[in-house]
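In the two complexes below, chain A is the common chain; its partner is chain B in one and chain C in the other.
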Partner chain A sequence: MPPIAQYVFNGLVTGGILALPAVAFSLLWRLLRFPNFAVSTYLTVGAYLALALNHGLHAPIGLAWLGALAGTGAVALAVDRIAFRPMRDRRPFSLAIASIGVAFVLENVVRFIWSNDFRSYDIPVTRAMSVAGLRIGRDQLLILGVAIVLMALAQMYLFRTRLGIAMRATADNPLLAAVKGVPTERVVAVATLGGGALAGGAGVFLGLDASIDPLMGAGLIISVFAAAILGGVGSAPGALFGALIVGTVEEVGTILIPPTYKSAIGFAIIIVVLLIRPTGLAGARA
Partner chain B sequence: MTTMTRRQLLKAGATAGAVLGAPAILRAQSKEPIPIGALSPLTGAGGSYGPDMQRAVTAVVERINKAGGIYGRPITLFLEDDQTNAEAGVRAARKLIDVNKVVAIVATWASAVTLAVKPLCVESKTFLIGVSGADSVTQGDHKGYVARTQPNTNLQGRMYGKFAATKKEWKRVAYVALQTPYAVSFGDAFTGVVKAAGATITDNFIYEDKKPSYRSEVTRVLGTNPDLIMLEGYTPDSVVMAKDLYKAGYKGAILAPTFAINAKFIEGAGAEVAEGIWNMDRAPLFGSPAYKEFQAAVPGGDQAPYAPQAWDQMSLVALSLVAGKGEVSGTVIKDNLRAVSNPPGTAVYSFADGAKAIQAGTKINYEGASGSCDFDQIGDILSAPFSVQQVRKGKSEPVAIINP
Partner chain C sequence: MTSYLIAIAILVGIRALLTLGLNVQWGLAGLVNLGVVAFFAIGAYTSALLAVGGVSLAAAWPAAIALASLAGCGLAMVALRLREDYLAIVTLCFSEVLRLFLLNESWLTRGANGVTGIPRPLHARFAGHYDLFYLGLVLAALAFVYWALERLRRAPFGRVLRAIREDETVAAVAGKPVFRFKVQAFALGAGVAGLAGIFFAHYLAYIEPNMFLPQESLFVWLALILGGSGNNRGALLGSAVLLGLLEGSRFLKDVIPFLTGVQLAAAQQILVGVVLVVLMIRRPEGLLPERPGH
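Let's turn to the complex of A and B:
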């Protein structure tokens, strides 16, 4: 029987990857008042953009990662301009459905360009280190570390900068914020750019950790959704903790239930949270 | 005597004409092409195999049509992509059956797809033959409309077990499988043989597809200290699994199906991770004349055992139609399949030779590129040799042939 700590560590790494799209998903939901299911497909877009840089231009993976951040942010912004902005005043339900449509389109654009085959980045696979009986991979530590730093930066941005504060104000009460002179569309643009970048960066992590295929992001949507609900919609730290908990429960759960039912854990978390504490861990507000 | 009215006369004349002219009318109809469908994965986990399978089917159809078709009727082939996905497979099969009116669907690959398409075929009396291994493919009341050239899962599991038992250093064996329709029956057959040979089964579980990582599954199986992990998955998940096993420091052996450990696997996992992985699959009949003809007609199609099977499937469907004496339907194919494929009879190695022999009134026994193609009552093939490969320096090298 391997130590339970190993499962917890595995879960934290999974959670670290989940946290980035979960935060993006959660903040955009609060700001624009609809769940944007295309966020999980931004992961796929990010992973493939980095692949293009890594394979096509032989960029080192770190540089490819930065490129994916910028590129996916730009894609998210373009999607917002083309698909969501004309529908800004519609009901949240219509926008949520539109976001599913966007996810399909992006996924198939990826298929069209890179085909359906799975890919891997051009980096060597290394054996994990053994630390106090735990197997810890270099990539995994890096992923977890960078995810936490990015989360901290996002949090600082939201609380310390003018535009970040404006973003939170708009999230709380868009009408009031607009009346007070907050440039709503600029806030939305910056949040979309940032959210897309976070998700794109997570996509590269996912590609590093596993492999790259057109469905890689779509497969995570339930876990991302569960993390956002658990954390409380609109709360960045909530989404971070939600993601870490969802990741850990999914991994530790494999001790108790057959691994075939891993996906069911995300659903179970959503149901339990909605029944017991619908506002999530962080309550209603950011 | 009553006189015939003009109308009655016309009617009688037309009837007589129809009776007398019947053979001519049959001959006139006989130029009508025979529609046949090939439903294979061109994308998805099976996307490495479907294109070669369809190339093989196309090559056989070209040969048949060049040889004058089936009693003068050419075959029209409809190629469809099932995306290695049951839902897409059903959509494509519906189109083949309802729109193209095919009498047979050949060259299906994934068990999940074949199982999903099976009820449509049985209901519409369309003959279905593929390379899917799950036992359930040929189980149930399919009235003979389903057959396959791939050994069933039970036979496969026993053959893998037989190989594992030859390695005395593999005393502790774990079975880890992707969730597929054959995961459990394969595992039961495999672990049964391994246990009977005196080894211990340390772990046995099924994992889900499309998970970002399999670290916890790997943690679990490595906790049981296996010497050999039997990894029964498809290529995409096997890459992630093998990488996670490598990262976790596993130094023992891995045995897996060749359809998962292919060139894409080695490219995706990297030569270092892939090094030493054992893999098995049914072997084609390397020495047979049919295999030589197949190799010449489908260059590069010998990378996997499926294209030779697709070659045989199309040949068998056509020969069964020839044996049906000009009648064309899925029922004719299923009624004549065993007559052309099983012994006794003169061994034939191609459609052209077989068709000539049947028309000369000889009972034939088709011996194909993939094997002897002898079917039992439920549509399973009776036996097949298996080949064992090992990945060495980034290439899968043949190691041995295991016979049942």
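Let's turn to the complex of A and C:
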């Protein structure tokens, strides 16, 4: 059996991937006041967009990744305009149900085009490094690094730019923000675009780390919820730490229980957090 | 063709039961349950495993309903204090974890192989036209549940639930034990879903974990919203229309013959998803809106 440190490292990589959709899900939840179940499907969309660029146009994976960022952001924006915008003033539950419908449509569009087969990207094979007895893949390091940089950028955007600050104001109190002249719809559009892009980029990472199939995003949905709730809904750094913890606990947990129960660990985390500290680690008002 | 229609009618009946169960929780009490398929699965598995193990159906069926109800009660105790968006997440996750349990605990559930040879009640006596008999059975159960729920809806219990749905605080101020009513409504709905699961398992005589995917909960919601939540007639209509949609789109193959099997299934699901989203935007009150005062 590999040392525990190996599980922790793999967990951190999973957590890094998880952090991107978790931040998107968490911020959009706070901003629009409903849990958007389609966010985890944006991972699938991103992975397949990159696949189309990588296989169809022979784009190198880095370029395909950028394409997936832009493409998934655009898909998320289109979804928001078509499905969610006409329902802005409805109760959270109606929007949540509609978002499940959207997820279902997107997943099946992917299935319609690419079928149920497992796929992978055309990338040069690299050998895993061995550091202090740990197997560390080069793309794993890259994934972790890029995920952390993206998180830092998101955080800077939220605190240093006008629109980012407007976004936080709208999340706190939409009415007051609107009265103060914050362009609510523009804020929502930017957040949706950014959230979609983050999730789409994570999908490519997931495809590199594991494999690509129409259910890849949906399979992560419980872990994404767990990360966002653990971190505290609406907090970007909270979602990052939540994701790293959830990823690590799920990975290390496979020492004790079968790996097929990974999402059960996520569910247990959700229940425990909601019972003990519903506001999550970051303690934002729920 | 007749036998096909009878089979469809049986499935509509089972779906209608499931929808009625959700209507107690959501339509009547306003409780979000995105994991309704979990209680359907608990009913199906409990009854199937007991029956295959030699327990008589007269004992297996009540046990299955009781266990589904109990599970609903347990989940409700944990989750019903949460805000509705959290409740949506918790119930959905619950059904997924239950499916994982069914897949992995093969010592109890036979895992991915599923449960085979589930006995069909009175099969020997009605050999030859068994489906017709089974349809009668399902319809009788449906009629009974419908009647009971209609009575309940008009009874003080139903009125309190509707009051809680409209404004919890007012109901609490009026001295109603809100939490207890909610848990009861949730458990009752779960029990009805469990009954639907029983009919499902003993009709197909075979069940496996992937029959209980989260999308099944989505279908139940679609049926409920389509028909019009809050009233039981709507739940019946919605179930029939939904199955018409699912079955009807099967004939897409005749219109567009170049689609593969996977593409056809995907197209069907896309249609279902689009209908749901359009419905939520355009007509959230459904085909038969709840009449005020009834």
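Here, the second predicted complex is superposed on the first by the 281 of 286 C-alpha atoms of A that agree within 3 Å, B and C clash if a C-alpha of one lies under 4 Å from a C-alpha of the other, contacts with A are read in each partner's own complex, and residues count from 1 in each chain.
FYI, a residue touches a chain if its C-beta (ideal position, glycine included) is under 8 Å from a C-beta of that chain, and two chains touch if they have at least 3 such contacts.
The shown structure was predicted, so the numbers you read here are calculated from the model rather than taken from an experiment.
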First, second, both or neither for A:D209, with chain B first and chain C second: first
Partner chain in contact with A:T260 - chain B first, chain C second, else both or neither: both
Touched partner set for A:A83, first chain B, second chain C, both or neither: second
Chain B versus chain C as contact partner of A:L57, first or second or both or neither: neither
Partner chain(s) touched by A:A128 [first = chain B, second = chain C, both, neither]: first
Partner chain in contact with A:V102 - chain B first, chain C second, else both or neither: second
Touched partner set for A:L153, first chain B, second chain C, both or neither: neither
Which superposed partner A:V13 touches (first chain B, second chain C, both, neither): first
Which of chain B and chain C A:V272 touches, first, second, both or neither: neither
Overlap of chain C and chain B interfaces on chain A (superposed complexes): 115-116, 258, 260-261, 263
Chain A contact footprint on chain B (complex, rising order): 43-44, 47, 83, 179, 205-208, 210-213, 215-217, 219-220, 222-223, 235-236, 239-240, 243, 246-249, 264, 267-270, 272-273
Touching residues on chain A, where the partner in the complex is chain B: 1-2, 6-7, 10-11, 13-14, 17, 115-120, 124-128, 130, 135, 137, 206, 209-211, 213, 215-216, 219-220, 251-252, 254-255, 258-263
Sites on chain C touched by chain A in the complex: 32, 34, 78, 82-86, 88-90, 92-94, 96-97, 100-101, 103-104, 215, 218, 221, 225, 260, 262-263, 265-267, 269-270, 272-274, 276-277, 280-281, 284
Residues on chain A engaged by chain C in the complex (per definition of touch): 29, 33-35, 37, 83, 86-87, 90-94, 96-98, 100-102, 104-105, 107-109, 111-112, 115-116, 221-222, 225, 229, 258, 260-261, 263-264, 266-267, 270-271, 274-275, 278, 286
